[in-house]
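Some structures are shown below for you to check.
What follows is subunit A paired twice: with subunit B in the first complex and subunit C in the second.
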Partner chain A sequence: MLRNTLSRRLPFFASLFAGMALWEIVGRNSSPAFMVPLSETLARFWQLVDNGQFPAQFLDSATLFLTGLGLAIVVGMPLGMLLARIPAVRLALDPYIMTLYATPMVALIPFILSIMGFGFAPKVLVVFLFAVFPVLYNTVEGARSIKPELIEVARSFRSSEWSLWREVMVPYTLPFCMTGVRQAIGRGLVGMVAAEFFLSSTGLGQLIMSSSQNFDTSGVFAMILMIGLIGVGLMRIGSMIENHFARWRV
Partner chain B sequence: MTKHERPAGGAPVSKDSARIRVNGLGKHYGTLEVFRNVSFDVGEREIVAIVGPSGCGKTTLLRCIDGLLPVDEGEIWFDQQRVTSPLPGVAMVFQHFGLFPWKTVYDNVAYGLRMAGAPQAEIDKRVPEFVKLVGLAGFEKAYPYQISGGMQQRCGLARALAVEPSVLLMDEPFAAVDAQTREILQFELLRIWEQRPTAMIFVTHSIEEAVLLGHRVIVLKGRPSGIYETIKIELPHPRTRATLREPRFAELRERVWGTLMAEAQKAEFELEKP
Partner chain C sequence: MTEANAAIGIPATSASAAKPKRAGSALISRLIAGGCILLAWEVIVRMFAPAYVAKPSNIVMVIPKVMTDPLFWNSTAQTLGAVAQGLILALIFGTIIGLLLGRSVTMERMLRHYVNGFYAVPMIVILPLVTLWFGYTGAARLATIVFAAVFSIIINVSDGARAVPREYLEVAASFRSSKLRMYIEIVLPAATPYFLAGLRLAAGRALIGAVVAEFFAAIGGLGHFILYNSRTFHHAEAFVGVLLLAGFGVGFEVLVNWSTKRFLPWYRRDDRGT
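Presenting the complex of A and B:
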């Protein structure tokens, strides 16, 4: 059994090992100003953990990310369902939503900076703006795709509007919302780093910036690697949540 | 509609056993007139089957009787209440089953009771009873996608029966299952009806099904459609597989067939006209 799993996963591990080896070799043969080997990156990462810098900044970033993402979910899901249920509101707001969804959010950062300045709130707004549209968009499309037959069944059994939402609209739409949340996790992470770069410098973004300014290439690589791994982990969690809610969707 | 809003004079006086009374019903979608002047009664313990060619509006008629669609002419009475929206005491079984895919069999059956505001204790008592009645015991925790079409419709039937309606509206309920399952379900329905007789309107495009189940068969025809003929089905009860072998069954089936086909041929001739 174990042997079987291992042989099936062989390409995965082989590729991972080759990648790590390549990083190590290229790193050892280039100037430390541009690139450092994996071993040095990991050693530097352990240093940052050990001296408390990474844990503190990680907590800082996590707070920002989770606040922004949480707001995006709290706003995006109910608003999305409302837009799906009331066509007039949807038609009215559609051009704004489409435009904002298509706009690269980074372009809005100078504007946010000029009206909100530095501090926690503008950074949360950036994460929120990055994350809210996938949630909103998927929720609207999901809620709109509900079969009219099911609404008819609810009406035939004399469902109230409130029961229709609780028993039919929300459970039906939830898996679609979760698809949006999974996408929002990725975009929110981008928003988090962008906010930490361009607004008041804190968190993992600040660690990257300060390492870069100090020519601490191994520090930069350590942080990029960590953010990447965190992103992979979050996406995994997102997929798990999505699958959990979509068990019935075959 | 509340009692206060009822028009003066109340419900039209009719046979005292009539549970559903349909009076001069007409319906159109825009300029398309679906049916006109449809009138019939359904007794307290009577099964009325409605057959007609595809697109004759039999499903629309049933939705009007459930109060899901407004009518343009005429009126529908359920006991002393005029039907303008879905009423308690009337339950519908859908061709597409209409099960909620995120709910288990148990929760789907409980849905109607919950919407009717039944207390939890009653739901806990009644749901297993009706799950068992339709032969789904042991599948309470299954999701609709995990069970066959026939079982899904058993679940749909249990959901409707659980609210203990005095009128059951069946919208081609067995049209989406395979032939053998369909036959099994027909006899299951007869068995359940013998145990708990109610008024039932059964819409189908299967003549055999209509004759087997119906006490009367209403044939809808024409454009716009109307009641072409009402055929009394004098077959003994309870109806079983043996009913299918009776000469009288074959005669009645031929009779309904002839009525429908005369119409179908005429319609085809009309289509061929320039």
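Presenting the complex of A and C:
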């Protein structure tokens, strides 16, 4: 048992260590303006934590991200189920939702900037736009795949519209919504950084921008590493949520 | 008996009778919905927004002007050229690495977490780094596109390569087929649907990567065309660029879905990733 897990874990740790060593060696042997070794990156990160810059900006970004994502879920999920419940409207709006789902939303940022200016609201709008369509699209697809028999049975037992939603629609669609939420988490993170880059500069995006403008390469690396790790962590949380709800999805 | 027949019969006949009619009415309701959206947009902008904000009537009016603008076509060609180039690079590297990951347990255990990790990194954060490395040039855009696209291809190809039925490989091995032939003739075809799904994702991400890089580094292209025009309050002109981008996004999606259905009809598409 122990041997088994060891042999399974060994390549993981070996490659992790090799990657760290490679980063360190390459970093030490190249110009500090282009590449910084891992040790220096971590030291710089600790500095940013210690002087309070990272925690403050992290909180700023987290507020933006969670507000946008929360709005996307609160709007996307009920709207998606409603659309699925009214086939005529869904049929009419389907191609437009698909189009918006496939449109690169970054292209709208310049418009949002010149119409709404700087501030918190336009940035929330960007995160919302990035995140809402995956939720909406997956919810509609999920609610659409409800077997008609389920609704017919509920109907023949004279269930009210309310209990039909509570007992059939919502429980059946939730796993699909969660796939949308997982995708929305990934896209929302891109939206968050994009908003912080191209609208008013705040949060982690501002920290990475100012590091790059000050030719503080170790700061850039430290921030990329941290945002990357945050991305990995969020993705993992997303898959955990998805798997939790997918237990009975067929 | 008659009741049972009626119960079975009614939905069947009504479904078959309604089908052609429904297809036509779907189109009509879609057109009506589209008209309503455009009308609402026009009215809201006219009532509440400043004059420079894009509205459907303005956009339609500037389309001929934009279409005859060589800068517009030049920008489009630049962006699409870079996306195509980046996708080809991402396809070559992504397929090779994906096959390795899918067919070798050791490689998988060693590299899987790197691939997943890089895939989860929001691609936009590498912009300051690529502009540092490549300068404010097309090379920075190309690097962003490749970074945006390659990991979804690796992940999908490796999933596909792992899904090859073991019997096929065993038969090939018992006929003493060489490793290389096994890859080319069994693993690669079996992974094709996954590969197409990865390509669909990668193309969308590549397009975003190109636009973001053009915003960030002010490299000539469709993204820059949009940015420049909206900064100078030519919103309608800029929006034509957005429409073109949306067209490419949807067009690619449709193309991949169609070719999956046409050439790989046994494969049921399963959405994954972002």
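To be clear about the criterion, the second predicted complex is superposed on the first by the 245 of 250 C-alpha atoms of A that agree within 3 Å, B and C clash if a C-alpha of one lies under 4 Å from a C-alpha of the other, contacts with A are read in each partner's own complex, and residues count from 1 in each chain.
By definition in this document, a contact is a pair of C-beta atoms (placed from the backbone, for glycine too) under 8 Å apart; a residue touches a chain by one contact, two chains touch by 3 or more.
What you see is a predicted model, and the numbers here were worked out from it, not measured in a lab.
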item	value
Of subunit B and subunit C, the chain that contacts the larger number of subunit A residues	C
Contacts of A:G231 with subunit B and subunit C, given as first, second, both or neither	second
Partner chain(s) touched by A:R155 [first = subunit B, second = subunit C, both, neither]	first
Partner chain(s) touched by A:S163 [first = subunit B, second = subunit C, both, neither]	first
Subunit B versus subunit C as contact partner of A:P134, first or second or both or neither	second
Touched partner set for A:P171, first subunit B, second subunit C, both or neither	first
Parts of subunit A lying in touch with subunit B, wherever the complex brings them together	149-150, 152-159, 163, 167-168, 171-172, 247-250
Subunit A partner contacts - residues on subunit C that touch it in the complex	26, 29-30, 32-34, 37, 49-50, 52-54, 106, 109-111, 113-114, 116-118, 120-129, 131-133, 204, 207-208, 211-212, 215-216, 223, 226-227, 230-231, 233, 235, 238-239, 241-242, 245-246, 249-250, 252-253, 271, 273-274
Subunit A residues within the subunit C interface of the complex	8, 11-12, 14-16, 19, 33-34, 88-89, 91-96, 98-100, 102-104, 106-111, 113-115, 134, 138, 179, 182-183, 186-187, 189-190, 192-194, 197-198, 208-209, 211-212, 217, 220-221, 223-224, 227-228, 231-232, 234-235
Residues of subunit B defined as touching subunit A within the complex	66, 68, 86-88, 91-92, 94, 96, 98, 100-103, 111-112, 114-116, 143-145, 163
